[in-house]
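These are the structures, in structure tokens.
Shared between the two complexes below is subunit A, which has subunit B as its partner in the first and subunit C in the second.
Now for the complex of A and B:
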């Protein structure tokens, strides 16, 4: 008893679904097309260390360096702080405190990154300058709540009887946490870090507000830097010709980085942690 | 040892939250007044209200979420219902949605600018911004909707088929209503993400603080307004704080709505 409306209805669902599923891949293919076209003309761009687009120098290494340095250094702070906070909340905090903390983390995680950018402009830049250090801190502020939420979710997934078995075996609480919980949850915690990394790699404006925007290699914390994303924001509206095509390569690079970090995160989150012998 | 270290980390993170909120309130609250949301901006945003920004934000957020909705719902129904018997294909689509949701918005902004602003000749306009936001929102919404559809027990689908209800009727009368809290949560999430977005919009809908006459005019969303005041307007910091405080209030409201929806989603299933 197929009603007349349902057949065309299902076709509409197919059409909308396939179209929606193809939107972003098409965008990526477009970036790939333009990026590769640019590389064919000047393959040296991938290894060049000078980004002076108005003079025809399109070496993207300083931008790649800026992106990787800001993101990984931010994780270096976010992961220990976030992991510590998640452990405190999951293992030590009373239940009522956990609900409040969940709300706080949710609010912080959803806070628009410009708010952190404004905060950093006022509190970090006057002391640290518009530099790598300020950029790292703004990303740290932005991503620590997200990482904490994900780490907390990873700890909550742990089988309860495993923890109880540890206690029964006479392990102290700190041993259960360090030798058992954090070991078994390791793949999911690594996935949380990888998701957070993807967010850092892709953040544009919060970083742009404080990083100094000079295409230096990130050789020190006080050096003003420029990342792949901030380059797009700074240059899109006046780039012409070759410069414009080069920006497509810049966008493609950051998309590939973020996609790689996300894919790694998905792989890791599906992996099961091994119970230590 | 573990205990002390973990509480220290906790104190650091939550101390930061308290400091941030206090900073926003202390610096931002003095700029609030009765006509803040309804007055036009004066002196480049340094004085007056944010009426044009409110209008631009509403247009950008609502229009883009509405435009993304059919594609996201279609994609989610396709993965959970139509491809139910092709788990491999369904999984491939799901994984690609997950990766797409992580594409940096600034890259979508560049493409939106090339395609819509330059290619279609829309320039800096609300419409160009909306179309770009659609690119960003479709994967995010699809992933959220899928969570809802997946939580509907398979037994409901089987019961419908046993009773001779067509799959189409089952979808609209049983499955989607059962997933409604999660679907609404997906919408709330999309509204939040669109409201928070800046990079994609700076490249496409511009940073104008004038009242838009139509969707073909440029207009700054609230997030873009914060960025613009803090970055480009000398002496705009105080008002940037006020706008950031307004953003934070919206964020808290959205989060409270989202928490409530997630709670009902758990009860329903």
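Now for the complex of A and C:
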């Protein structure tokens, strides 16, 4: 065994990192390779609004609409709720409560999505139907704990003297939180939201169990919808020929969406918020 | 240089692990219909116990895939839960294993016990949206199947529907998901394999198989051929081998028939063709 810190030990770590880094482009290239026949043939067909793949209709717009609608609506609920929870826990809660909350959030964040899906089929679907609303709710349940944990981490990174300086200047505690803490942490909080968005975009199983899976445009909360990922779950194993090729492009679309959200998150998290004068 | 060595080392380790996982035993690979798969899964467990050294691997992926794989010779057998076209069947040894029906199912809270072809069309083509039209109450939840599934093809073909004309409220993947949807929703109507539906009823799921045009959906009506939406479950072989003969003998024998009974299918040997 090599000593930790020895040069050969490090080369192994580097190699592992390099392999990980190669994996993403490999996946993208593979999906492109498998989908290229479709792109050569009739790429414009993808921009249609009808998804009947075994009858030659390959419009992915309803699937893109379903993915964006479920993800962004879920964030619309998760971010305010999670931010409120993170502020309350970080600034107001006693230490014991904070530790308990940390543990609970950690467990929730690590719960497999099929568990959320089963919960939602029993509790949401009977009231809301298999619909956009049910899909948004299940995503909200899944992503709020994750967002709260990331937001808490962002608040913990704040320099302590910043708060002290604010108090010294005679600001009230609520003002310190709103005008200083949340402003300085804003890029990290936005990064937390972007990471949460990436998770929503990529979630498949729990959504598939409650969204209805009909390729409708998301025109209302009670409409059954289908997302890019749920299409893969339902159809990939059973698809052949052109259908299968098109599904590789559906997969590529999700990967690109999620990659965009993650890249945004990483760029944001390296930034530091400006305190207004 | 060291980086390169590390990289090579990692790749080598990966290759070693994957080859170690691939079994050196003779593997009999079967792919295709998820409706037929449980028969083969149960059979293979028992055959493997009697024939050490024979490893049967059953993978689902739909009837069309099963047929395609068998035709390409990339598997040892394919499974299908729909009839093969003459072009598909050419060159394959196609064996009917069992008969199954596709039944309309409703929640037990729904007073409906039978349905007509006309009513099915009303519900699936969005001409009727509320159960009050048929003596019940509440908005209808139309449960439909995802593209690429044989049950969907059998259903569309029997009723003569164009898939694009169907206004579904929920699209499900496998039969189990269809049963779950109808079990959870008092206003839902769906269609699934009769075998699977009878199995679910036995397990206490709150669903009811609806009689279609006056014919009860039971194993008896599937067996005597009176139930209108019937299909044959097939297994097909690209070539005859020792292992395929062993499998076929087992499936056609009394043990195979017991498996079909267990799964609520009608063994092909006992039904009216």
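Note that the second predicted complex is superposed on the first by the 251 of 277 C-alpha atoms of A that agree within 3 Å, B and C clash if a C-alpha of one lies under 4 Å from a C-alpha of the other, contacts with A are read in each partner's own complex, and residues count from 1 in each chain.
What we mean here is this: a contact is a pair of C-beta atoms (placed from the backbone, for glycine too) under 8 Å apart; a residue touches a chain by one contact, two chains touch by 3 or more.
None of these values were measured; they are calculated from a predicted model.
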- request: Answer with first, second, both or neither: which of subunit B and subunit C does A:224 touch in the superposed model?
  value: second
Message: After the superposition on A, what does A:169 contact: first (subunit B), second (subunit C), both or neither?
response: neither
Message: After the superposition on A, what does A:82 contact: first (subunit B), second (subunit C), both or neither?
response: first
Message: After the superposition on A, what does A:29 contact: first (subunit B), second (subunit C), both or neither?
response: neither
Task: Quick one: classify A:37 as touching subunit B (first), subunit C (second), both or neither.
output: neither
First (subunit B), second (subunit C), both or neither touched by A:122: both
Field: Contacts of A:19 with subunit B and subunit C, given as first, second, both or neither
entry: both
Query: What is the contact status of A:238 with respect to subunit B (first) and subunit C (second): first, second, both, or neither?
result: second
- request: Between subunit B and subunit C, point out the one touching more subunit A residues.
  value: B
Field: Doubly contacted subunit A residues - partners subunit C and subunit B
entry: 12, 14-16, 18-19, 121-122, 208, 233, 237
Statement: Interface with subunit A, subunit B side, in the complex: residues 1-3, 5-10, 12-14, 16-17, 20, 23-24, 27, 70-79, 82, 93, 95-100, 102-111, 113, 134-135, 138-139, 142, 164, 166-169, 192, 195-199, 202-203, 223-224, 226-227, 230-231, 237, 240-241, 244, 247-248, 251-252, 254-255, 258-259
Statement: Residue positions on subunit A within touch of subunit B in the complex are 1-3, 5-6, 9-10, 12-21, 23-25, 27-28, 30-31, 80-85, 87-89, 91-93, 101, 103-104, 106-108, 110-115, 117-119, 121-123, 141, 144-145, 148, 173-174, 177-178, 195, 198-199, 201-205, 208-209, 229, 232-233, 236-237, 247-248, 251-252, 254-255, 258-259, 261-263, 266
Query: Any idea which subunit A residues touch subunit C in the complex?
result: 7-8, 11-12, 14-16, 18-19, 50, 52-55, 57, 121-122, 125-126, 129-130, 208, 212-214, 224, 226, 233-235, 237-240, 243
Field: subunit A contact footprint on subunit C (complex, rising order)
entry: 2-3, 5-7, 9-10, 60-62, 64-65, 68, 141, 144, 146-149, 163-164, 168-173, 180-181, 184-185
